[in-house]
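Structures follow.
In what comes next, chain A is part of two complexes: it sits with chain B in the first one and with chain C in the second one.
Moving on, here comes the complex of A and B:
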C-alpha cells in the first residue's frame, strides 16, 4: 500500500519524514475519522428526534388525542399541521412526539434493567465460574434458542399489555446479550496480574470483582447497552404494531403505523412519517454506539501497537 | 463423533422439552379462557362448561400437563380448537410457506451481503465505504413492518407490478423476501466486513502477498475461506431464527406461514396449536443449528468436533 519514503529530499520543517498527506491517508487516521463522522451524524439524528420528544408538552401543538372530524387526513404543511392529520383529524406530529415519550421511556427503562441484570449475571458467571457459570450459561443458551418475538407476544397476551409488563418483557429478552459479553470480558480480566495482586493483598472476592474488575470492563459493557436501546425501541414498535403494545390512550409508534396502514393509498404520510422518525432515532443511536465502539477500538490498537 | 452427536441430540431434546413445558404452563396462567373465544359471544354458561369439559380444561394444570406428556410421547399434540384438526397437521400445512420465505431471504442475503462485506473490508474507511457502512446501519435500523408496508405501497399499489399479499404466484414471494432480507443483509455484510478485515490483516496474507499471489486470490481464496466459519454460523443462526417465525412480515403480507398462524392461535387462546407451533419451530431451529455445527469440519479441517480445545 505505502509508497517508499523519499529520504533524500531537502529537510522539511516537519520533524518526521512522514508527510502530512501520508499521515492523513494512514489507516489509523482514516479509522478515527470514520468513527468521528459516525458519532457526529449519530448525535445529530438522535437529537433531532429526542429533543422535540422531550419538549412535546412545551411545543405549540394540539393534544395527541384531540380529534377534529372536520379536518380529517389533511396533508402535511396544511393549516398549521406540520405532519398533517390522521383519519380522526388528530395532529400526526403531536401523536408521534407523545408516542415517542412512551417508546423512549420503555426503551430506556428496559435497557437499564437488562443492562443491570446482564452485567451482574455475566460478571458473576465469568468471575466465580463453577456452578454459577453453568447456571447462567445454560439460561443464556436456552433463551437464545427460543423464538423471541413469539415468546414476547405470548407473555404480553397473557398479562395485560401495560407499560411495566412490556418493559420487563423487553428487558428479559435482551439481558443475554449483555451477560454474554460481560462474561467474556471478565474471563479475560480476571487472569490479569492486578487481580492476583489484589488477592495477595487479602481483598475479598466480591471486593475485587466490584472495585477492580468491573471498572475496567464497564465501558465496553455499556456500549452494548447503547446498541440494545436501538433494538428495544424497534421491539416495542413491533409489539405495538401487532396490537400487543401499550394500550390506548397511548399513541405508540407501532400503532400509529398500523392504524394509518388502511389509508396508505390516499394518505401516504400516516405511515411514512412515523416510520421515518423511528428510523432516524434508531439510526442515530446505532451510529453513536458504533462510532464509540470504533473509537475505543482505534485507541486500543494504538496502545497495543498492532 | 458419535458421542458428540449423542450429547448434542440429548441437549437439544432437553431444550425443546423445557421450552414446550414453559409454554404449556405460561398459556394456562393466562387470564383468558379458550372456551369463550371458541363458543362465541352468545354462549350460555352451560355451553362454556361443556366446551371446557370437552377440551379437558377442568382438570388441574398439573393433570393436564401429565395428559399432554402422555400424548406427546405417542406423537399426539392435541386437536386445534379453532381448526378442528390435529394441531401438528395444521402447523405442518403452514410450515412450507415459512420455509420458502426463510430460504429465499437467506439466499438473497448471501448473494448480496457477502460480496458487499468483502468490498467494505477491502475499501475499509474510505469515503465510499463509510457511506456504505452508514447505509447498512440504516438497514438494521428499519422496523420490518414499516419497510414492508412501504414496499407494498410502492410496488403493489402505486406501481402495481407485484401481488400485495398471499402466495398465489412466485411474484408474491418477492416483496416479503426483500423485507425480511433487509435486516439480514445489513447484519451479515457488517459481519463479513469485520471478519474479512481481520483475515486480510493476518500474517498469512502478508506472506501470500509477498509470494506474488494475486489480490483476487488473496481476497476470495485466502481471506474469505478463513472467514467462512463465523459467516456461515451467522447465516445459519439467522436462518434458524427465521424458521422460528417471521411473525411481523407474515402479518404485513398476509403470508400463510407459521408466524401469522401463531398470532391467530394466541388471539383465540388455541392452546394445542400454540404448543404445537412452538414445538415444531423450536425443533426445526435446533436441528438447523446442529447441522451447521456438523458442517464445520468440512470447511475447516482444523476443527475437530467433540474434543476440548
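Moving on, here comes the complex of A and C:
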C-alpha cells in the first residue's frame, strides 16, 4: 500500500508547535537582542568620543594651549566655544579632544602590551604547567594582592611621570587579569581530543600551543583586553587627577578635572563636561565588550545545541 | 469549594515589613551622614590649614598659618603687630646698647608655663642654641648670626653678636621659648609652652592637633575653650568644609575661591596687604657662558611676561606686581623698578644678545602659591610667544624639590617660589634671599645660588647700622644693586586672604598672614 503525500494541503508556517511570538519572547532571543542592543549603544557611545578625538587636528578648533586671559571661564556656547573656556581662556572642547588623544594613546598602548604579556604568560602557564605555571601563578597572585593605585603611584614617583612610563606601568598592572583568563582557557583546551591528536602526530609543544590552541581562545581573551581598555583610561585619568600624570602642558582628562574642581560651584562645565566624556567612553567600551561576550555565548550555546 | 485564605502575617508580609524597617533605619543613618559632619562644638573652632603642620615648633617648619597655631602654644620674647612693629610678649624690656651693639632683655616677672614653672634665662639660651643646631632651618637663615646669652640676674640677660644686629627685637619674635629641660635640637610636637593654649592631642603625621585653653595662662584668658587644627591639602575640600560649617577658618586661599565665598551667608572674607613675595626666580648656579648667567638675557626675558594680565585675570586683582626685590610694605623696602611687558622688545634684545633657540625648564612645588599651575602655564605660553621654549616640571608636596633647588638632582632654569616674611623688615627678606656667601654655597645653603659678596657685605653693614635712616639708605642702595642683576623672571606680592564662619569674631589678620588665636571669640 502506498501512501500518497497530500501536497495540496496548506503547509504549516512552522514545523513546530512553538509560535513565532513565543520564540521572540524566549530567553535566548531576548539575550541575542540585548547583546545586539548593547553592541549598538556601545558602538555609538564609543564613536561619539573616539571619532572627534581622532579628528581633533582637522576640526576648526583653537589649539589646546592657546590662551586668552581676557576670556576666562566662558560658559558653553559662548563666543564660539562649544564647551566654554577654562581658567586661562583655553577652549575646553579642544583640550578635551587633545587630552583624549593622550589618554586614549596611553590606554590603547597599555592594553596592547598587557594583552600580549598576559596571553603569552597565561598560555605558557596553562599549557606547560609545572614550574612555569607555579612561577606565573605566584607572580600574578602577588601582583593582584597589591593595591593597584598605590603601586602605580609608587612606580610613577620613582621614575619621571612621562607617557612611556605611565603606559608601561598601566600595562604591567593589567596583565594578571588577561593571564589568569588565558591560563584557564588553555587548561580546558589542552585536554581536548584535537590536542591529543596533534601530539600523536608528533607536533612540537610550542607549535601545538601557537597553531592550534591559541586560535581557539584568542577571541575570548581579546574580549577581556577590550574591557581593560576602559579600565586603562580610568587609571590614566586617576593618575593625572592625583598629579602623577604626564607633565604639563599635556592636557589629560584627569588633569582637566583636577584643575577644574576648585571651580565646581562657579564654572560647572570645567569638571562636568570632561567627566561626561570619560563616562561616555567607558560605558561605550564596556557595552561593546559585554555585547561581544554575550553574543559569543549565545553562538556557543547554539553550536553546542546542534 | 475551598477558598485559600492567606495568613494575616505571612512570610511575604514579614519580609516586606522587615525590609521596610531596615531601609528606614539605613536611611536615617544616611541622612545623618549627608549633613555637615564633625562640626566643631560650642566653645570650639576648627582651623583648616593648606599645609601640614608637622610640629608645633618652628625650628624647621614655618609657614604663615603655622605661626598662628604655634604662637598659641609657645611664645617668643616679642611679636610682630598689625603695623609690623615689634611688641613685647615674654619680655618687658628689650633695649639696644648702641655703644656695645648688644641688647639687654628682661623677662616679665609674671610669665610662666602651663605647668606653672617660670620662664627663665636658661630657657632662652637653650632655645637659641638649639635653633642654631638644626640643619636647614628657615629661621636661622633670617639671622645674620645667632646671638649668645649672657645672664645678668635671674630675669635679665644680654644678647651678644659679633657684629651688632640692630633689628634683633624683630628677629627674636621667631624664637619660641620652651623649658630648657623639655627642649631639643629637633622640632617639638607637643610639650609645655607659655601660650594661651595647651596641646591635648598631636599627630604630626596627619597634621592634626587639638588645643585646649590654658587655665593657668599668665595673660588675659582666651575666650575659646578648644581649637582643632586639621590639614586639608585640597583647596576645594577646604572651601566645601567652610561652606558646610565643618571648618571655621581657612587661609591662603586662591582668588577664585575667595570669589566663590565672597557674599556667601555665614562666611566672611578678610584681606590684608601681604609681606610675602612670590617669584619666578632664575637659577644662579648656571655656568659662566650660559645665557641665563648674563643679567642682560635675564632682563630681556622679563619683557615677555604680561604681568598685568596675570594679576588682573589669573589672580583677579588679589596681588600686586613687585616693584622691588622685596614687598614695598616692609620696613626699609625700596621701589627699584617695574616689570614691563613688551614681547617685541624681548625678542629684539635676545636677538641682539645672540640668544636664539633658548629653552628653559621651570620647576615648582604644587601649592607654593595660589593659582601656581595656572601662572606657570600662562608664563609658558608667554615665553613661547617670544620664541623661547619651556618645559614645566611640577613637584608634589613631599617630593624632592629641595634637592633640585640645591642642584643635586637635576638642572633647572626658573623656580616658582614664595618667600614669606615673618618680621615685617625688608632686611629679613634680603638676609634670607640675597646674603649668600661662597662659604654657604659650599653646602648649597644659598638662595638658588645667589652669591654676590658685595651685596652680602652691604646687607651685613645695614644689619649692624643702629640708625634707622642710615640703615634704610644702605638698604635702598643694596636693593637697587640686586634689582639690576634681574634675579626674577617675574614676581608678585599677594594679599593675605582668610575666610571664616561668621559664628566667630573677625580674627585680626596681620600682614604676615597670621593672627592672634587668643583674641578670637565666638559671636553671641
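The definition used in the following text is that the second predicted complex is superposed on the first by the 293 of 306 C-alpha atoms of A that agree within 3 Å, B and C clash if a C-alpha of one lies under 4 Å from a C-alpha of the other, contacts with A are read in each partner's own complex, and residues count from 1 in each chain.
FYI, contacts are C-beta pairs under 8 Å (C-beta built on N, C-alpha and C of every residue); 3 or more make two chains touch, one makes a residue touch a chain.
All figures in this text were calculated on a predicted structure; none of them were measured in a lab.
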Contacts of A:158 with chain B and chain C, given as first, second, both or neither: first
Partner, of chain C and chain B, that touches more residues belonging to chain A: B
First, second, both or neither for A:33, with chain B first and chain C second: first
Touching partner for A:67 - first (chain B), second (chain C), both, neither: second
Partner chain in contact with A:149 - chain B first, chain C second, else both or neither: first
Partner chain(s) touched by A:248 [first = chain B, second = chain C, both, neither]: second
Touched partner set for A:266, first chain B, second chain C, both or neither: second
Doubly contacted chain A residues - partners chain C and chain B: 157, 261, 264-265
Residues of chain B defined as touching chain A within the complex: 15, 18-19, 23, 26-27, 29-32, 124-126, 130, 133-134, 137-138, 140-147, 149-150, 152-153, 157, 241, 244-245, 247-248, 251, 259, 262-263, 266-267, 274, 277-278, 281-282, 285-286, 289
Residues of chain C touching chain A in the complex: 234-236, 239, 254, 256-257, 259-260, 306, 309-310, 312-314, 366, 371, 373-374, 376-378, 380-381, 391-394, 396, 399
Interface residues, chain A side, partner chain B - complex: 27, 30-31, 33-34, 37-38, 41, 141-142, 145-150, 153-155, 157-160, 230, 234, 237-238, 241-242, 254, 257-258, 261, 264-265, 268, 271-272, 274-275, 278-279, 282-283, 286-287, 290
Chain C-touching residues of chain A, taken from the complex the two chains share: 65-67, 69-70, 72, 87-89, 157, 243-244, 247-249, 259, 261-266
